[in-house]
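Listed next: structures, encoded as C-alpha cells.
Each of the next two complexes has chain A plus one more chain, namely chain B in the first and chain C in the second.
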Partner chain A sequence: MSNWDILWDERAQFWNGFLSTLEIFGLSIVGAFLIGCGLLYLLEGSRKRLTMPLRIFIDGMRMLPFLILAYLLYYGLPSVGIRLDAWWSGVGALAVYHGAYFAEIFRGNRLTFPPGQIEAAEAHGFIKGKMFFRLLLPQIIMQTRPLLGNQLIYALKDTAFLVIITVSELTAAANSLSSTYFIPTEAFIVVIGFYWAISVTMEIIIKQCGRFSAKRGFDNV
Partner chain B sequence: MNASAWQMLLEGAWTTVWISAVSIAIGVVAGLVIALIRLARIPIIDQLLVLYISVARATPLVTLALFIFLSAPDLGLDLNRSVAGILALSLNTTAFNAEIWRSAFRNFSREQSEAAMATGMTPWITFRRIMLPQMVITSLPGLVNEMSFLIKGSPAIAVIGIVDLTRVTNRISAVTYEPLPPILVAGALYMAIIGCLVWLQRLAERRANRLAM
Partner chain C sequence: MSEANTSETAAVSIRHLSKSFDDVEVLRDVELEVKTGEVVTIIGSSGSGKSTLLRCINWLEQPDRGSIHIAGQRIGVNDAGRPMPVRELAKVRAKTGMVFQGFNLWPHLNVLHNVTEAPIHVQGKSKREAEELATALLEKVGMAHKRDSYPNTLSGGQKQRVAIARALAMQPTVMLFDEPTSALDPELVGEVLAVIKDLSAEGYTMVMVTHEMAFARAVSDQVVFLEKGLIIERADPETFFTTPKTDRVRKFLENHDTPSPA
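== the complex of A and B ==
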C-alpha cells in the first residue's frame, strides 16, 4: 500500500481538520469584522478621550505576534481567574487581533474621504448612526476590499498557529497523521494544498466583489 | 520572575532576532533574484515561479516549518532545527519580497532606462548604478513591512522545538507556575524589536528622501 493510499483511507481526518479550520476561520473573521467596525465607529465619535486609548490598542496589536496574544488568552487568563478552553481562546485571539488590523485598514481609508460628503449628509439631516451605516461603512468596505482580502489570507494563515495551543485543526491533522504513519511529506503536501485552495477561492471572491463594486460605482468616488 | 528567567527571556529574544535576521537577509536577496528571473520570462521557469509564489503566500508558517522539519529526513536531507526554521521563514518571506521587487521593477520609469541606454550603459551597469539604488528606496517601505510580518510570524518555528522568545515563556512558567509575567515580558520585547524596525525605516526613509532630492 503506497503512502497516498494510506492518506486516502484517512481522508475523514483531513476533512474534519479542514472543516474545523474553516469553522475557526469563519467565526473569527466575522468577529474580527464586527470588532473592526465597532472600533471604527468609536473612532468616528468626536470623543477625544476615547481616541487615544483606541489608537494605542490598535497599534499595540499591530506590533504583537499573534501567538503571544493566543498565549495570553490561553495560558495567561487563568491566572486572573478566567478559564477559556483552547478552541475559544484561539477564536477570541484571532478575532481581537485581526479586528485591530481591520480597524486600522478602515481608519486609513476613512482619512482619504472628502469632508464635503459628511457635511452634505449632515445638511440632509442624517443622524450619526445612520450616516455611519448607510454612507461611510459601505464605501469603506468596498474601497478597502483588496486590503481586506490580504488580511483574510493572513487570518487564515494565523489559524495554523493554534496547533501550538492544542486546537485540533488542519495542521494538527497532518501532524498527527505524519506521526502515526511516518509519512510527513505526503500528509503536509495535502494540507498545504487545502490552504492554497482556500486562499485561491478567497482571491476569486474578492475579485468578484470588485466587479460588483465597479457596477455600483464605489470605485470612482 | 528571578534572574535566570530574565536571562532565558533575553536568550529567547536573541534566538528570535538572529534567526529572523538571517531569514530576512536571505529573503530580500532571493526575492530580488526571483524578480529578476521573472523579468526574463523564461517559459517553464516563469510558471513554476508563479506557482511557488502563490503557494508560498498561502501556506501558514507553522505548516511550512513542520513540513520542512519532518520531511527533510525522508528526502535524504539532514537539517538541524535552526536551519529548518530559517529555511521555512525565508521560503515564506522570499515569495512576498519577490512581489515587492517586481512591482518596483514595473513602476521604474522607462525614460531613465532609455536615457541610460542612449548614453551607452550596458544593461548590468544600468541595473547596478541607475535602477537598483532607486528601487531600494521605493520598495523600502514594503520590504520593512514584510520584515515586521516575518518577526510576527517567527513564533511558528517554536513548533519544531526551537526555543525562541515565545517558546521560552512555556519553559519559565513550567518552573514558576506563573505564566502571565513571562508572556507579558515577551510581548513587550516583541514590541521593542518591531518598534526598532519601524524606527529604522523612518530613519532610512528620511535619508533616502534627502538623497533623492
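== the complex of A and C ==
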C-alpha cells in the first residue's frame, strides 16, 4: 500500500478538515468585512472622541502576530470569565484581526475619496447613514477590490494557525495523518492542494467582480 | 409681519450675510432677493466670493452672520436660533438643486440611477415615480439615450447635463449653478448653456455664477457684481452690460468679451 493509498483511504478526514476550514474561513471573512465596514463607519462619524481609540485599536491589531491574538482569545479570555471554545475563539480572532486590516484598507482609500461627490450628496439632502451605505461604501469597496482579495488570502492562510489552539481544520487533518502514518510530505502536499483550490476559486470570483467595477471606471487601482 | 411676507414670495432671500475664512472677510453684508421664476447671475473676478455666496445658500458653507430663507424657510438655523439638526437641514437643502463646476456625478451609478438616487433615498419617492420623473428630465436635457451608461463613458458636456437632471429631480425651489461650463472644452460649452437657457425659458428659478458674459446677458433677470465680498453693482442685464455705474465693472467688462446686444 503506497502512502498515497493510505491518504486516499483517509480521505474523509481531509474532506472534513476542508469543510471545517471553509466554514471557519467563510464565517470569519464575513465577520471581518462587517467589522471593517463598521470601523470605517465609526471613523466617518462626527464623534471625534472615538477616532483616537479606534485608530489605536486598528493599529494595535495590525501590529500583533495573529497567533498571539488566537492564544489570547483561547487561553486568556477564561481568566476574565469569558469562555469560548477553540472553534469560536479561532473564528473570533480571525474576524477581529482581519477586520482591522479591512478597516485600514478602507480608511486609506477613504482619504482619497473625491470631496466633491460628498458635497453633491449633501446638496441633494443625503445625511450620514444613507450617504455612507449608498455612496461611500460601494465605491470604496470597488476601489479596494484587489487589496481586499489579497487580504482574503492572508485570512485563509491564517486559518492554518488554528491547529495550534486545537481547532480541527485542514492543517490539523494533515498533521494528524502525518503523525499517525509518518507520511508528512504527502499529507502536506494534499492540503497545499486544498488551500490552492480555495485561493484560486477566490481569485476568480474577485476577478469577476472586477468586471462589475471596471464597467464603472474603477480600474485605476 | 412684512418680513415674513417678503420671504414667502421670494425663492431665496439673503440678509446681511457675512462670512470669513480665518481672518479674511469673503462675504460682507450681502443682501440678495431672488424672486420665483427669476434668473440671477453672479459675476466677479476670481476670489471675489461668488462660490462662497452660492454655497452658503444651501449651507455647504456656514455663514458667520446673517440669514438665508429658501421659499420662506430659514436654512441652517432653527426657530430657537440654534444650528439645525442634520435631518432638518437636509430637508431644507433638498429645496435647492446644485450643479457643480466639476459635475460630481456618482460614478458607481448609471445615468438613470444618478438621477433617481436622491428622489428615492432622500425624498422617499417610489422607484416607479422616480424613474418616470428621471426619464422625463433626461429627455429634457437630451440624455435619455444614455440612461444605462456609466458616468466614466460620458463627455464633460454630457456629464454636466446629467448633473442638471439630477439636481432638477429634487424638484427644487431654486437651482444653483457654480460655473457649470468652466471645466468644459470650448466646443462642449454650448450644449450645456442651451439646456440652462431652456430652463430659464420654462420659468425655473436660478442663481448662477458664470464667466459667460453673452449668456449672462441673454438669460438673466438680474446681474450682481461681487467685488471682495461686497455687492458693488446690481442691475438688469441691459443696464449692467451697457451702462455700468462703477469703474470697476466697466474695467471688468472690458477685460471680458463684452457681449454685443442681441
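Quick note on the criterion: the second predicted complex is superposed on the first by the 215 of 221 C-alpha atoms of A that agree within 3 Å, B and C clash if a C-alpha of one lies under 4 Å from a C-alpha of the other, contacts with A are read in each partner's own complex, and residues count from 1 in each chain.
The working rule: a residue touches a chain if its C-beta (ideal position, glycine included) is under 8 Å from a C-beta of that chain, and two chains touch if they have at least 3 such contacts.
For clarity, every value in this text was computed on a predicted model and none was experimentally measured.
*Asks:* Just to be sure I read the superposition right, which of the two partners does A:175 touch: chain B = first, chain C = second, or both, or neither?
*Replies:* first
*Asks:* Report for A:117: first if it touches chain B alone, second if chain C alone, otherwise both or neither.
*Replies:* Touch status of A:117: second partner only.
*Asks:* Which partner chains sit in contact with A:129 here, chain B, chain C, both or neither? Use first/second/both/neither.
*Replies:* neither
*Asks:* Output check: A:64 vs chain B and chain C. Expected answer is one of first, second, both, neither. What do you get?
*Replies:* The first partner, chain B, only.
*Asks:* Of chain B and chain C, which one touches more residues of chain A?
*Replies:* B
*Asks:* Using the touch definition from the top, say if A:81 reaches chain B (first), chain C (second), both or neither.
*Replies:* It touches nothing on chain B or chain C.
*Asks:* Considering only touches as defined above, state whether A:196 meets chain B (first), chain C (second), both or neither.
*Replies:* A:196 contacts chain B only, not chain C.
*Asks:* Which positions of chain A sit in both the chain B and the chain C interface?
*Replies:* Chain A residues touching both partners: none found.
*Asks:* Quick one: in the complex, what on chain A touches chain C?
*Replies:* On the chain A side, the touching residues are 114, 116-117, 119-128, 130, 134-135, 138-139, 142, 213, 215-218.
*Asks:* Can you list the residues on chain C that touch chain A in the complex?
*Replies:* 58, 60, 86-87, 90-91, 93-94, 96-98, 100, 102, 104-108, 117-118, 121-123, 150-153, 163, 166-167, 170
*Asks:* Under the stated contact criterion, what part of chain A meets chain B in this complex?
*Replies:* Per the stated touch rule, the residues are 60, 63-68, 71-72, 75-76, 78-80, 153-154, 156-161, 163-164, 170-171, 174-175, 178, 184-185, 188-189, 191-192, 195-196, 198-200.
*Asks:* Provide the residue numbers of chain B that touch chain A in the complex, in ascending order.
*Replies:* Within the complex, chain B contacts chain A at residues 54-55, 57-64, 66-67, 70-71, 74-75, 148-149, 151-156, 158-159, 166, 169-170, 173, 178-180, 183-184, 186-187, 190-191, 194-195.
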